[in-house]
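Going in written order, the chains are labelled A, B, C and D, and every chain counts its residues from 1.
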Amino acid sequence: MIRAGIVGISGYSGFTALDLLLKHPNIIVKYVSANNTTGKVCDIWPKLSGRTNLFCEIFDLSKAIELCDVIFLAVPHTTSMKIVPDLLKAKIIVIDLSGDYRLSTSSAYEKWYGVPHVDAKNLKKAVYGLPEIYRERIKKSKFISNPGCYPTAALLALAPISSIFTELIDSIIIDAKSGVSGAGKKASVALNFSETNENFKAYKVLNHQHNPEINQYLSKFANKNMSVDFVPHLLPCTRGILETIYVRLNSKLSLNTLHKIYKRFYKTEAFVRIADIGQQPELKNVTGTNYCDIGLSVSKDKGLVVITSVIDNLIKGASGQAIQNMNIVCGFNETLGLL
Amino acid sequence: MIRAGIVGISGYSGFTALDLLLKHPNIIVKYVSANNTTGKVCDIWPKLSGRTNLFCEIFDLSKAIELCDVIFLAVPHTTSMKIVPDLLKAKIIVIDLSGDYRLSTSSAYEKWYGVPHVDAKNLKKAVYGLPEIYRERIKKSKFISNPGCYPTAALLALAPISSIFTELIDSIIIDAKSGVSGAGKKASVALNFSETNENFKAYKVLNHQHNPEINQYLSKFANKNMSVDFVPHLLPCTRGILETIYVRLNSKLSLNTLHKIYKRFYKTEAFVRIADIGQQPELKNVTGTNYCDIGLSVSKDKGLVVITSVIDNLIKGASGQAIQNMNIVCGFNETLGLL
Amino acid sequence: MIRAGIVGISGYSGFTALDLLLKHPNIIVKYVSANNTTGKVCDIWPKLSGRTNLFCEIFDLSKAIELCDVIFLAVPHTTSMKIVPDLLKAKIIVIDLSGDYRLSTSSAYEKWYGVPHVDAKNLKKAVYGLPEIYRERIKKSKFISNPGCYPTAALLALAPISSIFTELIDSIIIDAKSGVSGAGKKASVALNFSETNENFKAYKVLNHQHNPEINQYLSKFANKNMSVDFVPHLLPCTRGILETIYVRLNSKLSLNTLHKIYKRFYKTEAFVRIADIGQQPELKNVTGTNYCDIGLSVSKDKGLVVITSVIDNLIKGASGQAIQNMNIVCGFNETLGLL
Amino acid sequence: MIRAGIVGISGYSGFTALDLLLKHPNIIVKYVSANNTTGKVCDIWPKLSGRTNLFCEIFDLSKAIELCDVIFLAVPHTTSMKIVPDLLKAKIIVIDLSGDYRLSTSSAYEKWYGVPHVDAKNLKKAVYGLPEIYRERIKKSKFISNPGCYPTAALLALAPISSIFTELIDSIIIDAKSGVSGAGKKASVALNFSETNENFKAYKVLNHQHNPEINQYLSKFANKNMSVDFVPHLLPCTRGILETIYVRLNSKLSLNTLHKIYKRFYKTEAFVRIADIGQQPELKNVTGTNYCDIGLSVSKDKGLVVITSVIDNLIKGASGQAIQNMNIVCGFNETLGLL
């Protein structure tokens, strides 16, 4: 049994990580902490009542190190980078769900997150935890930077076309829609039910901090500079992300070819499902699961590819993928606790 | 043209009052204020853009008095009672939407609202603004205490049976369900979309501050002490209240008789609709309107009456009724601006 | 490994049973059928894509008997009673999720379901599958009649008080609220999103077919004739039932006593959780789980008990409980596949 | 007083037209009909109870002609074209809300609507009822083809840029999201609350019948052939459309310039509001109103314009715009009954 800890249990991704780990056959959760909340986990999350006796405390580094083999950091950005150096020194396996180690340079971090990076030297150590692409690196690492929710859906949708048909791509637009849980468990007028229910809007248009994350990894897939135009929207539902991705081509591509390529690309993947031609993925088919479902369409003139990609933002977009990464690092079956 | 002012424009009932008053043919809104917000009303409420150039300022008593003939107080309890004495002195017509003047004694107020009443002497001056029952008193008053949302639905549903069949009533239970807007435009984790969507719960069980308000007026209808057991719930929708009211009888009452009595009781009322026998009122038929729809059922043994009552909590349960009261006080047609 | 079959895979409870059984360590699903749908299960339920290769066919009795040790009947009422006799003859373990074998007499069935019962002789053989109450009988049976969703929440909430304080009870009112999935996967204007979203209403007031089911088992708990007044409502959410139950007493009962009794009554139960005094159960804490959460309140005069009870209508209210019953019948750990 | 009739009262746009016309000071509704429903309008739409005594009957041409000066056709496509010739002959003002007269050729109609057009000769007579663009033609016409909901939001958003910066435009993508009421008041499993709530999906990708309608009018604005790539999605809310429109440019355009152009273009329009720079329109600000709110963004390299456009699909996208058109045809103030 591997001993796990979760830092940031009062948020949705901390909760989701715990919910999944409690069912995981090879894991025993030994430590949970939060910043502003202490008390029985069952009082913080009555949904878990009867399933755990864990007690949540203010984060204590030495205790965390003593009790855990692996630690999930389900904390806001800027918090992780203050903890990670000590955890790595103590040889703990670290899965960081924050944005702190996703961008490869501290200048990019400062530009998009608005604060200087205080642990720049570990930026290169972090392996980007997108298992379908970086499985081999993840296997050898003890420090995983878990992808953002929007980038997960975007990069899985774009990996085949951007790596195989790189030269055909003229431009990429991502029209993304996320459920409200993506904004976290916050007291906020804008997130009040009366403000979001029966409502819909775009936000941070062409200016979201996940945009450079997408650009950075897409450029790696394509082996050349790539950038997308990214527009997120707030959906009136709790969970799930759907991204509609428009890839403008400078040459024709048939739907059959594209579909075959995608099927082959993800043939051995347990958590990526390519919809049949003519079918569209739907949020409800992935909520509560670690799947990413992808649908493909091509315009009549074959010059525009439309890819739709759906995930559960809290599972494949956060804690489920974190556990998938942990399974790989620990040498477990990758789907353990996730199917 | 009557000149109106609204104190508390940043909340939902202040907004709803303004939205309705802007369409009212006999009213010109001259003054709006809020506690923590200043600026163009259209920036606070973009929905009103193009319909008003009003500017919202911090409340200024002398300005309010100078500019207005009637003032709507759409403020939290404890705020009204600090303003009302001065407004009344200045002969302004006051429609108070808060709970400050609904209970008839300052001791009851202190018990249920947790603070001493600072304007006890005006408690008796306030006329309870339930037009279907107290129209004649409202006509003669310049100070209206607008009923709470839950009491409006409850009292309209119970007025006929409690006044006509008083002696038959053994006990009354009110199972009430309210949309989230009833909790106001607040930053609150409990009201976050992710917490309320796909959720439902009871709250303040047998302990809601609207319970004594219902008891007090029901006792007046019945001309003897009456009290109900009141359990409110939070519905995953924005607007509307439905109350399912269980009246246990000590004698038999037929549905036909009851239905006739209710039809007759509200025969001349513009805003109360009695559903046909066998029909149930629905929230969606009253949202956006000033109607209260009432449905009646009787158990086979004729010993239990089930009354369902629906209103839009922000209109008939707050600002619509406030305008209905204003129409009466000002001598306008009671439905003006409300149909 | 036990071989399982599901009849009625095209509905929500059939789907939920399959979803749960695919994760069950001791079960292999060998057979699924539906009335009007054939084809790959993954085409009917894309959510299951990648998890099963089952093919859904029109029901074939001999094939079902040949392939299965246990069969779940997730079919509309009137369908079960035509199949059950043959399945029982063939010594198949039958878990019937329909209403066909819940009422103990064929006359009651005809009265509430509107058609004559065609298998009256097996009515007595069926064991009512409420494990918390009838575990010992379930262990010895091969034919389980799975409780209705409303009765599950009601009977678990009422079992302690009705069996222990029988003589104190004057009357019981159940104000029940169910998510829309309770109405099944139907093409219906009344269930169209535009009709149910931002809406709420009572239906079948004092006239729902689950009312006699509740009365029948409550009377057994109390060992005397008991009947409740039952009013169901349609909640604007997909899953979950909350029932607010009003028990009027002829004598005083303190909240502390009641709470202790409930805690003790369900002390060893894995799937019933009693909320702490002052806490209210919420739908979201049980959706996706097999739990029933129960909250208790008592009026100040101690003459009215208010019990709130929540379940996931498709899990504890249908397929989860069916699997809990199967676990008992098969001698498995009762929580297997359900935690 | 003008006498109005509505054909197709059982659908949402027929209902919305009636709801608005009942409040219109210059209109008296004399006739309503439906295809499969007869009876009191208040029984079909209890929301209107107390506001009208109209009776709905099966459509009767001579009666409609006798009773009405203007007739709104709120019917499915293929129905209008069978009625229109007779209504026009009888000199009735016709506002057709169906798609029958929107495409300018019968071959385009047959291609997109799948049936031959039976009234091709009147295609040219129909004036496209987008008042902000075609007001002068509408004034002189008695036969208005009311725009589709998606085209209304798209064309108002694109009119300024496509007519003024025609040569700069490289390509246009419209990512559209509509509430469920856009699909009509239908019995359909896909529209069942349990299927659409907490769900989101694309449909008719690059293949929706509103796409050629957008292309046709956009080409007129631009005075050259233009076509857009159009992908609609189904939002989990009842009302409203938001379109996110991506205009790729072959030359730079600053946000300030663009914003000024849009403000000027719609300066005198009562129902189009341009959001301030940095602000995004939201569905909730237009639901229940006849407004179209438009927001503008430009990428840092000034090569991509992102326009967001919101309307209430049943008002500005259907019946509100129909009444706006009627006001123009009848010489009324254009905003009468709509503010």
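Going forward, contacts are C-beta pairs under 8 Å (C-beta built on N, C-alpha and C of every residue); 3 or more make two chains touch, one makes a residue touch a chain.
The structure presented is a predicted model; accordingly, all values stated were derived computationally and were not measured.
S.K.: Which neighbours does chain B have in common with chain D?
M.R.: Intersection of chain B and chain D contact lists gives A, C.
S.K.: Centre to centre, using CA atoms, which chain is the farthest one from chain B?
M.R.: A
S.K.: Using mean CA coordinates as chain centres, what's the gap between chain C and chain D in Å?
M.R.: 46
S.K.: Between chain A and chain C, what's the gap in Å when you average each chain's C-alpha atoms?
M.R.: That pair's centroid distance is 37 Å.
S.K.: In angstrom, rounded to a whole number, how far apart do the mean CA points of chain B and chain C lie?
M.R.: 39
S.K.: Mind pulling the chain A residues that touch 2 or more other chains?
M.R.: 195, 197-198, 236-238, 281-282, 284 - these are the residues of chain A that touch more than one other chain.
S.K.: Would you pull the chain C residues touching chain B in the complex into a rising list?
M.R.: It comes out as residues 171, 173, 175, 177, 195, 197-203, 205-206, 229, 231, 233, 235-240, 242, 244, 246, 248, 280-284, 287, 295, 297, 299-300, 304, 306, 308, 310.
S.K.: Using the touch definition from the top, list the residues of chain C that touch chain D in their complex.
M.R.: 12, 179-181, 185-189, 191-198, 236-238
S.K.: Spell out the part of chain A that touches chain C in their complex, as residue ranges.
M.R.: On the chain A side, the touching residues are 23, 46-47, 49-51, 197-198, 270, 273, 275, 279, 281-282, 284-286, 288-289, 291, 293, 339.
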